[in-house]
Amino acid sequence: MIHAQRDIGTLLVSDLAERLPGAVRQLSHSRGECYLHVEPSRLLEIARFLKGEQPWQFAFLANLSPVDWLSRTPRFEVVYHLRSLVFNYRIGLKVDVPDQSLSLPSLTGVWRAADWLEREAYDLFGVRFPGHPDLRRIMMSDDWEGHPYRRDYPLAGRAAE
Amino acid sequence: MGLIDGRFEKNLATDAVDTVLNLGRAYSLWPVAYGLACCAIEMIHTMTARWDLARFGAEVFRPSPRQADVMIVAGTVTHKMAPILRRLYDQMPEPKFVIAMGGCATAGGPFRTYSVVQGVDTIVPVDIYVEGCPPRPENLIRAFVLLQERVKTMTIAKLPRSTEPPIRIEA
Amino acid sequence: MNVSDSRLMTLNIGPQHPSTHGVLRLIVELDAEKVVTCRPDIGYLHRGIGKIAESLTYEQFLPYTDRLDYLACFINNHGWAMAAEKLFGIEPPRRAEYLRVLLSELARIESHLIWLGTHLLDLGAITPLFYCFREKELIRDLFEEICGARMTHAFCRIGGVRDDVTPTFLPKVREFAALFPKALREYESLITDNPIFRARTRGVGVISAERAIDYGLSGPSLRGSGVAWDLRKAEPYAAYADLDFEIAVGQRGDVYDRYLVRMEEMRQSLRLIIQVAENLPAGPVLADAPQFLRPSKAEFHRNMQAMIRYFHITIHGACPPAGEVYTAVEGTKGEVGFYVVSDGGPKPIRVQLRGPSFVNLAALEEMAKGQYLADLVAIIGSIDIVLGEVDR
Amino acid sequence: MNPATAEPALGYAPLLLTVILAAGFGAVMLLLGSLVRPSKPNPVKALAYECGNLPIGDARLPMRTRFYLFAMLLVIFDVEVVFLLPWAVNFLSLGLFGFIEMMIFLGVLLLGYVYLWRNGGLQWD
């Protein structure tokens, strides 16, 4: 039975509350899109659940984008956008990056698309993804210092460059 | 340049040789196929049938710099690309010319960021700057016409000590 | 086949190479003629457009989206305008929605034409390039007619399109629509049944539907493997809901099927263009949301408040309510996504640009493994990458 | 006496002259070129061109024998064409005799080609 996109969030939260209790902190909505706030430690579990489970099948990782909130602690947050092509659902996962380790489990095991997206996130933001087969810079040259997309990195580049 | 370059004063013979050499160079400026970004698309348009760069003898886009005379820097030059661009320029045989096509190559264009070189003339000597983002094909063709005029002024004769008068800044 | 490392030849298909469609570098390890590994090295055109967006208001950033996928500029503008409209909560008028579909489909045909030209050029046939650019120039004239610019026209606006089309625009579109099918037949007579083209592309660079979805492929690269997923149908935006067209889907997921998908897509785009040209609704082309958008020029000259509001919005930019939005449009290479986070200020605090070419390029290594070096060139052409979108 | 087969009066002098002329023409052109063209050598220009990168890997690699086989095939079928040229020039004077002789020559080579094709010599891997 295919649900309407509006109430995907609530159904998903209730389904997750049963099978993976404590994994989802809260559900937020913005402009008609629903975002699940996920425990960083349980990210891998949730990812496999969302991709594998029959009623959901979120097999398409559309986007992975870190967000630098600068003054907030924890400072970084990574947002995943998932699509289920079979049921035409769309969901967003928001995961806070723990400040001291600055790392999240890598999802390349679940979605192959995460490979380059995580390398870009590491290169431009400095968020590490342990478990990634080949985590190195993808955009900047290998000897580049600093992570340019952080909000405290000047747009026109550091003078030393 | 071989045995005869810069060896003789400007006389009838060197003028004759100049005319022949410059005629050959001016009307067969082979660009190196080297598109960086959006300007490259406009460069391809200039090459195809409607704008027809062939009328100016420059439609042969050589993939290797070894067989090219002009390097059209068509697009944004980033710091990661700069050493490669310089190496390509060095690997081109003399006499070689550079056309900085578009705002990005001329002065960094709309991208005042950490990774963009603000103007390709900090890397290679540029002969002609083409304005526009991307420049219309007519601009690029005008650049080739200007370049041809410049090529025609080249000479093998010995140049006097300094050709241009020193710039005097009025008190 | 035990391949000792010493026998592998490392080949640099570098940033300056005719078949990499821009500044892409491939480090390829070859066993005689077979590709063993092919690692793309990108970033040679990384301009930091996402970071630029954080220092500009929503309206100021629009021209930068032209420089992302610079083959189909209008589609990026359309995506960014939709993302901003969702944030502001503005609804563009019907006429603007229809015009956006018309111009997006023109941009799609234009992008597929340069894909076809350069793809065949890499395989050694130079004639199609000149045929395709003949029609491409006609489309550029259409864009030049309504906005004066050939390529980076930034004709879209938040809340609609910049201007209404000129009276002679629609007749010229109909003229183009009448002429283009003949041109398409001309290309296909040259290419589709050409035995050399078939030998070079049938069964080359195959990727299965599951692997394509796993890699996050989208657009013709995904539909070539048999997955009927097109954002214009899955999440109808603009006026796509009330227009009828089909999605072209391949079966085998090789270079030849991706070619067939794109050729069929050009026909479907033409159908859309004809439908929009026939029943283009009347009305304004720009929404009037006083608190976010600038008043019209006529209004600007008539009263003082409008003038003040005009300057205020132009200089400081309008502030959308806080929130985040992920809007995706069906670009020519796949899903062009804009994830915009706003904290209520005039400028977004984070813009993530999802470039389909960037994601599709990651699958190149798997497609090229075990193929000949010459086929690698065909595969790059069939994924149709644009470096402005890969490096952003 | 059939002029074509007679002992040429000047011996092989004309042949020698053409060889000298051909080689001489090439040599003079190259010499003139070195005189006139600008030469500004620099170390980077001397580097091997690799799409703008520093050359990586090593060119001296053990090549697969497949390449050598294809090279041999090229030589065989090129030489075959070389033999056709003199025949084509003297086509009328050689008449039927020349024609039959050539057809036998081509037939033998065609047989070789079919044998080669049958045994997969043209397959790459």
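For reference, chains read A, B, C and D in written order, and residue numbers begin at 1 within each chain.
Note that contacts are C-beta pairs under 8 Å (C-beta built on N, C-alpha and C of every residue); 3 or more make two chains touch, one makes a residue touch a chain.
Here the structure is a predicted model, which means the values were calculated and not measured.
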A-C compared against A-B, more contacting pairs: A-C
Chain ID, smallest distance between chain and overall C-alpha centroids: C
Cα-centroid distance, subunit A relative to subunit C, in whole angstrom: 25
Separation of mean Cα positions, subunit D and subunit A [Å, integer]: 62
Where subunit C and subunit D are represented by their mean Cα positions, the distance between them in whole Å: 49
Subunit A residues counted as touching two or more neighbouring chains: 139-141, 148, 155
Per-residue overlap in subunit B, given as positions that touch at least 2 other chains: 65, 80, 84, 88, 113-115
In subunit D, residues with contacts to at least two other chains: 52-53
Set of all touching chain pairs, with the criterion as stated earlier: A-B, A-C, B-C, B-D, C-D
Subunit B residues within the subunit A interface of the complex: 79-80, 112-115
Touching residues (chain side subunit D, partner subunit C) in the complex: 50-53, 55-57, 61-64, 66-67, 124-125
Residue numbers on subunit B that touch subunit D, as the complex places them: 1-5, 17, 21, 64-66, 84-85, 87-88, 90-91, 93-95
Complex contact set, residues of subunit C against subunit B: 14-18, 22-23, 43-49, 51-52, 63-64, 66-67, 70-71, 114, 129-130, 133-134, 136-137, 140, 150-152, 387-388
Residues on subunit C engaged by subunit A in the complex (per definition of touch): 42-43, 46, 48, 50-52, 54-55, 86-87, 89, 211, 213-216, 227, 229, 234-235, 323-326, 328, 335, 337, 339, 341, 349-350, 352, 354, 358-359, 361-363, 391
